[in-house]
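One structure, pasted below without further comment.
So that you can tell them apart, the chains are marked A, B, C, D and E in the order they are listed, and the count of residues begins at 1 in each.
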Amino acid sequence: GGDGAGKKAGAKEVIIAYATDVDTLDPHQLRSEAAYGVVGNIYGTLMQEEYSAPADGVLKYTGKSTLYLAQSATWNKDRTTLTFKLRPDAVFADGRPITSEDVVYSLRRALSDVGYASAIGTWLNISDPEKGIVAVDTSTVDVKVTHYSPLIEKFLAFQLFPMLDRSAAEKAAGSDDPWAAGFFGKDATESGPYVIDSQVKGQSLTLVKNKAFKASDTADAPDRVVVQNMPDPQQAFLALQNGAVDIVTGLTPDLAQAVERDPDLKLYELAYSDVAFLGMNNKDPVLKDARVRRAISHLIPYQTLRDEVMKGYSGAAYGAVPYPMSDALDPTGEKIAYPTDVNAAKKLLDEAGIKPGELSLTLSVQASDTVLRQSAIFIQSALAQAGIALKVNEMNDADFSTNLGKLQMFLDSWYSWGQDSIYQLFFLLKSGVFTNYTGFSDKKLDKLIEQAMATTDPGERRALSRQAQRIVVDQAPWAFLFTRNVLIGAKSTVSGITHSDDANLRYDRLRIAQ
Amino acid sequence: MDLVLDDIGVVYRRGGYETRAVRGVSLHIRKGETLAIVGESGSGKTTIAKVAAGLQKATSGSLAWRSTPYGAPEGARGTGSRRVQMVFQHPVQSLDPLWRIRRAVQEPLWHGGASRREADARAAELITQVGLDPSVLDRYPRQISGGQAQRVAIARALIAKPEIVILDEPTASLDQTVRARILTLLAELQAGTGVGYLMITHDISSVRRLATRIAVMYHGLIVESGPASAVLDAPRHPYTRALIAAVPIADPRVPWNGAEHVARHRAGILAQAPCPVESSPCRDHGTGLHQVGSEHLVACTAAA
Amino acid sequence: MTLLSVEGLSIRTADGHTLVRDFALDVNPGEIVGIVGESGSGKTMTALSLLGLLPAGVSVACGDASLSGRPFLRDGRVCERPNATMIFQNPTAALNPTMKIEAQLIRLLTFLGKRRGTGRRGRRARAEALLESVGIHEPRAVLRRYPHQLSGGMNQRVMVAMAVAAEPSLLIADEPTTGLDVTVQAQILELIRSTVASRGIGVLFVSHDMGVIAQTCRRVAVMYHGELREFADVDDVFHAPRDAYTEELLASTLEQPSER
Amino acid sequence: MLRSGLARSGIAVVGVVGVAVLIFFITRLLPGDPARVAAGQYATDAQVEQLRRQYGLDQPVLVQFGRYMVDFFRLDLGTSIRTGQPVTDELLTRLPATVELGLLALLIAVVLGVGLGVLAAVHRHRVVDKIIQLLVVFASAAAVFWIALLAIYLFVNEWGVFTSPIGRLPRGYAPPDPVTGFYVVDALLAGDLETAGAALRTLLFPAMLLGLHASPSIVKIVRSSTIRALESDYARTSRSFGYPPGSILFHDGLRNALLPVITNIGLVAGFVLAGGNVLIEQLYAWPGIGQYAYDSLQENDLFALRGYVILIGVTYILLNIVLELAYRRADPRVAVAEGR
Amino acid sequence: MTPIDNALRGNVAGRMRPGDSFAYAAFGVLAVLIAMGVVVPLLYGDGDVAMKTQGLLPPSWEHPFGTDRYGRDIFLRSMAAVRIDVTLGFAVALSVLVFGSIVGALSATFGRTVDMVIMRITDVFLAFPAVVLALIITASLGKSAWFAAIAVAIAYTPPMVRLSRSKALEIRSADYVAAGRLSGASTVGLAFRHVLPNAVKYPFVQSTLVASWAILDFAALSFLGVGVQPPTPEWGSMIAEGVGDILLGSWWPSFFPGSMILLSAASFQIIGDWLDRRLR
């Protein structure tokens, strides 16, 4: 890297490589990681995640939310109304104050059908956004919920609920675009610590500090953050090595090893309950037999996958709710439900009336996910040991997600925001929920999830969750492969990596040692 | 049976431009005779030949067979069939490189229902007739010389007993000695079969040797036509005169001043009042061709 | 004194075929000497060999040649450029299709000027004068044209003009009129004859047309299969041929002298 | 000339419309559901339906076609599903990057192609020629993405000649004010030599690869046409006057040999702008339309991909018309035939 | 020296030229490649199954091309890929040859309207570089080896149509065809007896080049993920799989498949050039 003329003297700059380009700036429609990173840092939210003091360069999420653009957040007595009061100095980047009208608009937009956030909206327990989110005065907003849930405050800290400028939005809206998607796709009404400076589509987007932002102290934060599109992970790593970028997100395990080997670089390995699994279509004539599913689970070479594919940057997944998620059955991250055992598998297959060489299956996997692709190859040779012929079908991301519900077997991984076991079980395994891609259906499980969603008592919730998890482990709708740790490589001068709930970096927390 | 071309006009259109290659030409090709067309290059000689052979449609005018010189037309149905054959300027190019000579020579017989044995016999007969060894029949075109190829082409043209053979500069690409032999051969064959020739050429000496009648073309028009002796010995049109005068005499003892003649006659063509290119009476050849002798017609009013 | 003398010239191909064998001839100043022979008999190769223009794969095996007493070919090896130029068959192809006539003339004059030390100025005027000298009446119009916009006869005149501009003592003409109309041919032949007469240069004139040879040359060489069969006065060759091939050639020349 | 000009523009219009029609019918067969893709993994069926309506995908195919053609003539290539932005805009913002890379690559291809072609022609049938011909075969038989990969490995990883490709400028340089969209030109206009140099250095690596890969066809053409020109009658004429070899090579050889190159440039440009670019831009993280196409492909972004392909097709047709006119201008023989 | 001598000598001289040795080498390489592609997978399998912990072994006696990150033998996979890639080269070349030259000949034979329509259609197709056309076709039809092959074949058919048409037109105006017409042959008869046999060598030469281009484009499509889907061994997708490894220093997983592409495509091109010289 050169020290060119374009570089401002003394300005602290961080270049972060993402595997994608910033697809859109609309916080409710974005899909790319880079866009997620940008949106999370240009918009402020009412609450924000609370982090512990930095340890070894990492700021860890405490599991609680604290105030951000809101000055106060108070529940009424029966915990059905949450009242927010805005900070008096909360302003948009152009200096216009953020009002309760903006808050109402922003929350309603998040819960509208303009994006996919509405799916999460149910978990806020707001039955009707029109009635449930109301402005009391210019700086006070009431959020009315049907019943309390620990997730409400957590979720309101998500960047899915950013504060947008209502007047700008309404100016840009039209009859065919009521929520001004065209406007927010390419413009932003920044309310967070950074504002957009410039963008070279397909290459990079540059952020600079928002001078009007007062909700936190950003004095030591980087002055400029460049979000760089580096589709090829190896090239991103090389760029990190020769100083062209400072941080690389989403390292593959082999690159993480390479980062560790380089004395000038530092690897941040952040444990998440991101569960990788082999989903089996429970409506498939063969796979609907739990014995077959268990047999397959016994065939998975768990240790090989963790050693060879994940290179050790992973934990074990015991069931659909793995460590370190709250209420996980296995608090250690080391237990395996169906240990690798070819004989056990053969026995189960025999019981199910399947003879060696009879079964042939198709396993689909996203081509872009190198870890899962690699896993597929290993699983292929493992199943071959029990006489199961496995055809590996690599699909591009779009095809994969379009066909998810119809695939016979697939490799995928899932990570729930909020680290909540009920939330996780609901989306993945409750019958009829559209993200239940294996079509698994168990009346008892459904009942337990519903009960847990309705309860406000943490202890009861925990008990229900554990019961539900046991059913899942026993029924083996999936083979639970492992959990994937998030791997971030950075120059050793960079610190302040946030081990946040949504695996997003808070750019204002980054620190650069000169 | 005579082949009659009546007021033929041909216009080429290409890339948005028109070339009036032939501008109203009438010809009468008789069996047993040789009609020679001479003229400047690009004057439309080949085009006329193709029209006469039925290889190309005329833009205007008609083509017919007549049984007597001025009898009723038989219609154009017969043209383009084997009644007319053609011998081309480049002998080797007129033979399919992938075909043995035998096959090429026999080709016109296939469509007449001749048996294989007949065809073989006839091919051998003709190939000897044109002075070649029958072993040539088993060779490919690239294995024979230009002179031999032209003989093969003549054999092919004659094999189906056509009434008219069109010769488009048949000797232009051949050596002088070979040329003489081919011309002799053509004359012999005509005497033997009574075929009629339409011979296109630049070469006045070939005309002298073979032609019974001559038509002189200039800029798509016939400017003079008539019996060979009459036209060659007493040319009337300035262009004909220039053409004949320009042929160098192959005898160093005979003084020749071609350039002077050409200059004089050319000047005539370009400057003299009734001129085939420049003035209207000659442009419209219907009024422009005048009889100056028995069957001797000339376009130039001044010359007539 | 002879202008050009060639002795023992043999031309061979790289794969060992002899194209021309033991060729000899001489040209006097102001004389046109013809070479006739059937196609492929080596006329062009002989002509090209004198200017060192043989195509790749063909070379002079042995022979000596001198021009104005200066030897330029010694034992098959070129020892200097003879002061000779050449005009070719198919004049349109012999001129650069992408350059206007003016550019080609100026290119030549510039080159000659450099060699001879004449000034740059007046080259255009010289170009015009050159064209006029070969009987082109509208030199300005012709100068502005590309070769493809001119007739073959016109291009051959341009070629003659260029060949003459170099002030050679020998002009080699390889079938300069083949492919041209007889009327145009007559004019080109006249142009060559007059040029020779006015400048006193020697001409080696290759043709296979006996008529052209008869009317243009003073002496003629007859070639057959790469061999020189006869080299004598035109009159002798035509009226008292000593070689069988020459006889055949004459017999095939059908044109009878006619009175005009 | 006028008539043939009209005919040519007629053909161009037919070609451009044909491109649009062809691409519509190819893309409407797409089995993936663009609305589903647009809505994303977490969308409900109702949201998908809504998007279907929004993109008009619920209409009969003929109605869709009608709209598409109307939009096409208004230069509206639809809205990208992936980014929600007009495809035309997105392509246009990325076009300068591709064109800058493409032009330099083309320049390199032409210089290299002409240079090697002439060299081979001058030394025809000798060792130099043989070597060049072998190089040509291998350059055109090597997969461009493979060569690019090896080049990055060798030049960046092993030898460190170039820095890692991270777009159009190395770290620490700000893009110059956009005038032409070409960084090198814009930086020069702004008088910023350093940025111009940096931009050029960044550009050079991928451009050299593309250029190298595109040059074989030019070498072949230049070689054969130069040989033809050098063995032509007019070159022989020049030799008969004793012109120096340089003059003969330039006036008789090159001048005539370069004409066929003009028409070949169309093909090469097509390759450089499109064919090779999807692969190269991906590997070099170059923010051009090729990368856009790749990203769209990965996301089944029907409209974006369609827009890209149409842009390529239309550009190609127009480019070839321009080149043909240029050729007509450059070659006096054609000009004569046209009666100019 | 008579023309017949020239012709004969031309043949003698043409029998062995220096360029021929390249061509013989190319034939040899192709033959060996095909033989290996048939024999090696029969003997040793296609290396499809992972060998657990032996990922990314550099080339050795045991694994001549090394192993990939999944521990698969790259040599075996490269050889197995011959079946797909080279077969595909032949298949595309053949179908383009047959279809392209027939349509081209028809276009030349039939009158103005058919010809005009066919030419305008090929114009449109020619506006797309093969990879781009194949890209949109595969993106539309679906990502499979079949569709990629069909797409590549479609992309190279219009140029073939053009070539065969122009050659057919050229030959149609040859004197020997005119002579055939005068013999009474019909237009169709002429087309089959004279035009096609003489014209076909040009498309034939072209088709060897098409084979080479098809291999390259097909590999490119697989590299982009729209051709052969992994884990089926195919050179282009093998290179794609090795991208990460080469940048980290393991050059063999993508180097060898790329060399296979180079060898086979170059062989076809050299053979094409050679045929071109021989047949013309």
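Just a few scattered comments:
In this section, a residue touches a chain if its C-beta (ideal position, glycine included) is under 8 Å from a C-beta of that chain, and two chains touch if they have at least 3 such contacts.
Given the structure is predicted, the values throughout are model-derived calculations rather than measurements.
Common neighbours of subunit B and subunit D (chains touching each): C, E. Number of steps on the shortest path from subunit A to subunit C, with steps defined by chain touch: 2. In this assembly, the chain whose C-alpha centre lies farthest from subunit B is A.
Remark: the per-chain Cα centre closest to the mean position of all protein Cα atoms belongs to D. One inter-chain figure worth recording: subunit A and subunit B are separated by 90 Å, centre to centre, where each centre is the mean of the chain's CA atoms.
Distance from the subunit C centre to the subunit E centre is 51 Å, each centre being the mean of its Cα atoms. Inter-chain spacing, taken between the CA centroids of subunit A and subunit E, is 46 Å. Multi-chain contact residues of subunit A (touching two or more other chains) are listed as 232, 235, 238, 396, 399.
Looking at subunit D, residues 125, 152, 157, 282-283, 294, 297-298, 300 sit in touch with two or more other chains. Multi-chain contact residues of subunit E (touching two or more other chains): 2-3, 225, 243, 247. Against subunit E, in their complex, subunit B makes its touches with residues 50, 53-55, 80-82, 84-86, 88, 90, 93-98, 104, 107-108, 110-112, 142-146, 148, 153, 156, 160. Note for the complex: subunit A touches subunit E at residues 232-235, 237-238, 252, 254-255, 258, 301, 304, 308, 367, 370, 373-374, 376-378, 380-381, 384, 392-396, 399. Residues 40-41, 175-181, 183, 202, 204-206, 208-209, 233, 242-254, 256, 258-263, 266 of subunit B are the ones touching subunit C in the complex.
By the touch criterion stated above, subunit C contacts subunit D in their complex at residues 51-53, 55-56, 81, 85-86, 88, 90, 93-100, 107-108, 111, 146, 148-149, 159, 162, 166.
On subunit E, the positions that touch subunit D within their shared complex are 18, 22, 120-121, 123-125, 127-133, 135-137, 139-142, 212, 216, 219-220, 223-226, 236, 239, 243, 246-247, 249, 251, 254-255, 258, 261-262, 265-266, 268-270, 273.
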